[in-house]
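I have a structure here, written as structure tokens, and I will follow up with some questions on it.
For clarity, chains are labelled A, B, C and D in written order, and residue numbers in each chain start from 1.
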Amino acid sequence: MAYDLEFERPLAELDKRIQGLQRKGDRLKADERAQLRSLEQQLEERTRQIYGNLTRWQRVQVARHRDRPYTNDYIKLICDDYFEMRGDRRYGDDRAIQGGMASIDGKTVFILGHQKGRDLKEKTECSFGLTHPEGCRKALRMMREAERFHMPVITFIDTQGASPGLEDEQRGISQAIAENLEVMPRLHTPILSIVIGEGGSGGALAFGVADRILMLENAIYMVASPEAAASILWRDSAFASHAAEAMRITAPDLLELGLIEQIIPEPVGGAHRNHLEMAETLKAAILENLAELERLPMDVLLEKRYQRYRNIGAFATEPVKAGSGSNR
Amino acid sequence: MAYDLEFERPLAELDKRIQGLQRKGDRLKADERAQLRSLEQQLEERTRQIYGNLTRWQRVQVARHRDRPYTNDYIKLICDDYFEMRGDRRYGDDRAIQGGMASIDGKTVFILGHQKGRDLKEKTECSFGLTHPEGCRKALRMMREAERFHMPVITFIDTQGASPGLEDEQRGISQAIAENLEVMPRLHTPILSIVIGEGGSGGALAFGVADRILMLENAIYMVASPEAAASILWRDSAFASHAAEAMRITAPDLLELGLIEQIIPEPVGGAHRNHLEMAETLKAAILENLAELERLPMDVLLEKRYQRYRNIGAFATEPVKAGSGSNR
Amino acid sequence: MKDESQPALPVNSQNGNHPETIPSVAVSARALPDNLAVKCPNCRELLVGKDWEKNNHVCPRCGHHFRLSAEQRIELLLDEGTFEELAADLIPTDPLEFVSRSQSYRAKLEDEQAKSGLKESVVAGTGKIEGLPLALAIMDFRFIGGSMGSVAGEKITRAIEKGLEDHIPVLIVSASGGARMQEGLLSLMQMAKISAALARLSEAGVPYISLLTDPTTGGVMASFASLGDVILAEPGALIGFSGPRVVEQFMHQRLPKDTNTSEFVLAHGMIDAIVHRRMLRATLAKLLRLYHNAGRSAVIG
Amino acid sequence: MKDESQPALPVNSQNGNHPETIPSVAVSARALPDNLAVKCPNCRELLVGKDWEKNNHVCPRCGHHFRLSAEQRIELLLDEGTFEELAADLIPTDPLEFVSRSQSYRAKLEDEQAKSGLKESVVAGTGKIEGLPLALAIMDFRFIGGSMGSVAGEKITRAIEKGLEDHIPVLIVSASGGARMQEGLLSLMQMAKISAALARLSEAGVPYISLLTDPTTGGVMASFASLGDVILAEPGALIGFSGPRVVEQFMHQRLPKDTNTSEFVLAHGMIDAIVHRRMLRATLAKLLRLYHNAGRSAVIG
């Protein structure tokens, strides 16, 4: 796996030298061997250092890395049994959203999320993870099933947003997102959402009304993609990096703002460097959080979920002029 | 309004003579005036006699009469206030099914039904009353609204069946009908269905799972249209009249079979002869039945509705050979 | 096909044909003599009867899934010896005293019973798959095209009620052309009756798996067959509301080749999966396990 | 349009233009001087200001519905003198300390407040229509394009809570380009917060009427605006998830002329009715009456 992001250039150079030495194999001299060890140490240290100090815009690039694990990768690595459920029973089977019933450590859950697709064929099939109305409705169907059978719902969020095509408008992408937002707060089963890559706008939120929201260390979550925000704010998407900084889109930002519950650490150099290690950390976090959520009586769970959202918002109050209105 | 059905020929002749005399107006002689009165009496008697002895196939023709009142006619004549609700919030607004919130005698209900359409333009717009998946889903949305606000649901059934087009298959006409059949038995509000014309197959049943089913005197209700049944049974739709007889599709048949609760009498010569009188009779029947249904506690209502369907079926039992199975 | 033996079943589909073989044997549950051959209606391959049977009545060349009898289906899916029949004593009557142009309904019933060895188009009961219990109802297309009358409706309802009582998952295997004309509106109302029972099952949190096999059409598809928590289909089955013939005839539409097949309904979001017969038992076992291991043990088993 | 004043609002739509008139007057709630004229952006007709006002700011020639301020909307809809404001003391802050390339968010807020005479993009309160009480929230497009930040979200939520407490119907009049970028994810989460409150309202059997006016797009359309028990729209309003510009730019699709209008969403089954502004008050009154007269009096009023 190459180091192909711009800020990884120092790592790429170290990696090149390491590979040069490794290619010698058995012919490696003693001092070269020492040098290799030293370079490998340097690479790990530099990786740790660089990845420990990413700017927000760099995190956007990591979150979008083409080798980053996707929903289906995690399902494969985390679940011991899986039955994919397809279709919204109304119009189609949106491959941008995939999921089904799965067994994690012997316990059945519903697990679903955005699938961006890795190669061009899969990307096209999955609409690059941009959900259509059918994807929202398929997810809703699964959530209702989960509720019926007292299975927790786990959603993986990884999208730039909902699909903005003409056909999406025709089939009610707004309505589909809105319906999820109305049903999820009252779903009588625990919901755990994890932003595994990009969380973008309504296309993310429609899968992210949860009891707890976790984010992978380098994941981002935002009201609009940095490009879209820059375009809206300054009529120029070239200012995306600026928008990324201004909008506070990283996991630490959002933890600080109280909008997420937990950050899940990634392997050194990002989730894409080690899918298996990432999946194991993620699995542990899922199990721990689910165990805590399942201890709560249903009415407490629902009340806490409601209050979680009810209390979001930052505003001040100022005295109202006499007679101009009443306060709550 | 002409007498244009085949079995109405004697009436048409009487009517023609009556009209001939009426055209004379003031120029009518005394004996002609007496003749006119006699002819009018004869017409009414003959009408009463013919309409009192309709064969099943003749009733099919009356139920399909082009001047027969449709859902929207009744809504106009029965309701003192009406707000039409449109759309399934998923794909479209099926004009084959129309309805909304309405006030009957000051009380709010949801009222909806098939609209066949009178002229060609309206017929086309309404798909001749053949519901698309969107029509079922629109109705379901209204029924859920009715449940939420404790309003009774009144459905008017008047269709040859659900629409059998390719697009209907693509958007899940089967699924749409099935979903109504699953939701209606558990809908927490009274449901009253009235077959006002033709009740055909799944396209009718999807709007007819009710606490009580009433039928207008000349309405028909059947598992498949006589033409379709003949085609299925004898590979020839020309035997439709035969199928109509064999399948027992009239209101008296179905009352006898215990499949409907009540027959609503039509004006002399059929509902199409006097929309206003028909609407008044219908309104009275609706109010009376609703009042009775609303007196029941919800759990009793739902249990009775369940048992209403649970007990449908005619079968015998015979001793089972030893060891070949267990009985209930 | 000129008699009353067919329900509302579309013909002329690529899957709607019976295999060309000795008729009363190929569609029965009895084993074939060693030397008999069956012709695949899809690829025209001549299949050796014994091999064809061992291959679960699937054509090894093109994968065509032949229809199974209820008995064969039970053998394919359930743990051996676990099937216990329910409501086996129910027999059809002629509630409408159906006046037919040809054979009377009573005579027809007797004929079909003799030919198929079945009393009706549905077999209901309980059984186990990989040790996990379930209630089930299986439609048998041999009996008047798997059509739904009062007895079929009652048996399916009893299977659902059994699932509800014992809190065990319910499986319905559909194979039907729809409602049975000879029982008139009683027949249509079975769709409402079964769906109402399923609504109770669903409210009680008991899973329902619907398996669609060739063919599943008409009122069956427009009711319980479409209401599964999970809906599976065998490959290449004819599945739809109207048959292609009806659509082409009444709507004057020409249909693409795969209209109203398993693949069509999957593509249009109506079912969860197409499962090859070879994998069917394993898939059902997986589903039963997943439901069985639900958090608050909604399902006892 | 080159500053930060616009939210996620699509431009270039036939309805997205401000009327060509003296800007600060035409969009304010204050009465026009007798001799002023306004040009209809749709049909280019020159309208006499006073006539235009009497006609509820609708072009008498082509029916174009001009945007209304929250104050004008209240005057149009409510019984005179019945409006009581809720949560009037809430004012926006700058929770992200938003680092902007141009004007700071704080400065922008001050500017917009001065220009519009509003503290935020939403006015909430209670009132009556033909004597029947309701809780309501009205978005005002003049304030940063009606964009949703924390204050807008909070005010709308309080209106819903008021409806829930007093068991009176809730009306939300939308006019918004969507979420406000400068409050980042806090802004997106307002959609979830409002929708959750609406879910409680719905469970309690209290009616919610959503009125869509020009423009209703983005996160607003994809949440509460689409959740009405009844959804009404004014004619010719821009309504949709993405603006036409986004669709054409990102999806490389050319759009038919009426895409994402009131007429479009009605045709696609997303709303119940398009109501001319002249009939709006009467229609709302009818709906309130119908809800009020529900059988078991779910609604007290």
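We take it that contacts are C-beta pairs under 8 Å (C-beta built on N, C-alpha and C of every residue); 3 or more make two chains touch, one makes a residue touch a chain.
Just so you know, these numbers come straight off a predicted model, no measurement behind them.
Comparing chain pairs A-D and B-D, the larger number of C-beta contacts belongs to A-D. Between chain C and chain D, the centres computed from C-alpha atoms are 53 Å apart. Separating the centre of chain A from that of chain D, both taken as means of CA atoms, is a distance of 32 Å. In whole angstrom, the spacing between the mean C-alpha positions of chain B and chain D is 42.
Contacts with at least two other chains are made by residues 202, 226, 268-270 of chain D. For chain A, the set of residues that touch two or more other chains comprises 89-91, 171-172, 175, 179. Judged by the touch criterion defined above, the protein chains form a pattern that is neither an open path, a ring nor a star, and not fully connected either. By the definition of touch given earlier, these chain pairs are in contact: A-B, A-C, A-D, B-C, B-D. On the chain A side of its complex with chain D, the touching residues are 162, 164-166, 168-175, 177-179, 181-183, 185-186, 201-202, 205-206, 208-209, 221-224, 228-229, 232-235, 239, 242-243, 245-249, 254, 257, 259, 306, 309-310, 312-320, 324-328. Put simply, chain A touches chain B in their complex at residues 89-91, 133, 137, 171-172, 175-176, 179. Of all residues in chain D, those touching chain A in their complex are 1-2, 4, 6-9, 84-93, 95-96, 98-102, 125, 150-151, 153-154, 157-158, 161-162, 179, 181-193, 195-200, 202-203, 218-219, 221-227, 240-242, 246-247, 250-251, 253, 255-256, 259-260, 264, 268-270. Chain contact summary for the complex, chain A toward chain C: residues 81, 83-94, 100-103, 106-108, 134, 138, 145, 148-152, 294. Chain D makes touch with chain B in their complex at residues 202, 205, 207, 226, 229-230, 266-273, 283, 286-287, 289-291, 293-296, 298-299.
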